[in-house]
């Protein structure tokens, strides 16, 4: 549940400081299941996602120096979350078996009708 | 899609400036249908709701003098929207037949799991 | 999945022959559960609802003499379905225990945002 | 995510040991908001609900002596959860302000189409 | 919200004139974001989709000479809408930046359980 | 609505006998429509899926000898259902035209937030 504003005439009234609830889904993909019979340890995956989201939740993104000069659009945030979750996978936070993950899709729903995804391979 | 902040320890990190997407539903009720066979003219009702929402959408509610000293919580906003839609009904904006409306419920969904409603009779 | 048209300027382009998918929910209510621990036999209730819907499904409602002179709006259809399901309950089609049902709500969803309900006591 | 079985011909194949995911919603109601502008402290309410659910989650309800002789139907479970959440409210677990709660509705969704609720006043 | 009928025994009762509500989603894809940080100008994209839908909405498709000899199934309509939206993109109606769009998916939901999509590259 | 248990520390409390409601979606894909203008005969496809599900519904999967030594996780079940539906397609149960089907995706939703899919070509 973040606040932010956008720069550019394209955005009309969204150039004003406003906000959004983002409901975030992550889809993990692999060719075959790990020895436990799962794609990913859903408990650890949820922990990693909650950790990534807690860095952003209940904040005004306009004040985060890391985002200076960026429009923190839904699609831009989808890539940001992808990269932060991917970094946690690369560090082994999702446990043994997660090295078999091949690609991932992060989707941010900003309302009942609008959403954006970032979908890419996971480097190994 | 509004920005706001809350005062009170209860709110934890939501005391910071943050934001929310509210998906708004309005339920209109009456004992019997009007001569056209409808509860309400859904076109006019949608126009009235859009007009009420446009007064708030893409704004920082902390800066609206009308809300000074209030926590603009989901439940508080549900009542605000109820009263503003009810005032438009009382002014006849929903057309002939709308005088038969008896009660109304306004629901704001702030995420896929959290919502609040205000449900009350319409004064006649 | 029915076709129909409406009479009255209120309806704008819906005065033309058009159609709708209605997704129908029925809510049954009672003060205490029956001896099996249920509100209603959900199997029989589903059969009764499917029987009622099959009388209307894949039809042009403008051609049904029973509806002559009526606008078959979503709210009007909600009451029609209520009465037809209620008649089946009164005939005992929902089995022993169903005499304890006290009220019922029939909801027709016509899209992801628009719906209408008819909610009333069941006469005993 | 529980396992259970039912007794009674009414239940057909559900007389066998089977299982269900229940998605649980709780609706809290009061006449006017508390001094913070909320119906309930949603954080504490969520904690209380999670505590109640954890007593049941990932279990075979047929083996719980407290449910001996009962059909643990969706509607029966809705009342059980209502009473357990209500007891926590009565013990003050939802914090100051929660004494103003007047009624509550607990809904268990057992699939995308089937659900049951228990809706009652909260004794004070 | 259209009326239509189908030819072919496969369709059973849907050979009669009936109707459907179609809820339409369009997914736009590109490799990298445009200079504003978006995939597409969602305002213009919504306008283009509404224009395409208004050519069909509240009509009996059996009477449209352009569809003579066709079964206007959900999957056939998905391709029709894809082609009409794609033509508007090619004409520049979605504004500067839209030339970077690479593929698109149009989905028509005809009920809570049934849907069809057409998914293809956008020619450049 | 099945009961089962998992082996492996990864699963925590889900090592106990518990259960789940699975809501199952199947997506069929082909390059061009069949002569009737459809991807698949949705009536026959639904029959085939119901037949496959009835082999599992209202059962304790731990007692099925065919699953001995397997963790019947959501993702494992997605593949099982894929293979059983694919076998019915190969046997011609979906009727003339179904030989044009190219790939299929089976998704099991186990709650409002968790799901798994198996997505693969259909061998011809």
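For clarity, chains are labelled A, B, C, D, E and F in written order, and residue numbers in each chain start from 1.
Throughout what follows, a residue touches a chain if its C-beta (ideal position, glycine included) is under 8 Å from a C-beta of that chain, and two chains touch if they have at least 3 such contacts.
These numbers were taken from a predicted model, which means no experiment stands behind them.
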{"item": "Common touching chains of chain E and chain D", "value": "C, F"}
{"item": "Candidate from A-B, D-F or E-F with the same interface as B-C, over half of contact pairs in common", "value": "E-F"}
{"item": "Chain located farthest away, centre of chain F as origin (C-alpha)", "value": "B"}
{"item": "Same-residue or different-residue interface between chain D and chain F, half as cut-off", "value": "same"}
{"item": "Separation of chain C from chain D, taking each centre as the mean of its C-alpha atoms, in whole Å", "value": "29"}
{"item": "Interchain centroid distance [CA atoms averaged], chain C/chain E, Å", "value": "31"}
{"item": "Sequence positions of chain F contacting 2 or more other chains", "value": "112"}
{"item": "Parts of chain E lying in touch with chain A, wherever the complex brings them together", "value": "25, 33, 36-39, 41-43, 95"}
{"item": "Interface residues, chain D side, partner chain C - complex", "value": "6, 8, 10-12, 70-73, 75-76, 113-114, 116"}
{"item": "Residue ranges of chain F touching chain D (in the complex, touch as defined)", "value": "1-4, 13-14, 16-23, 57-60, 109-112"}
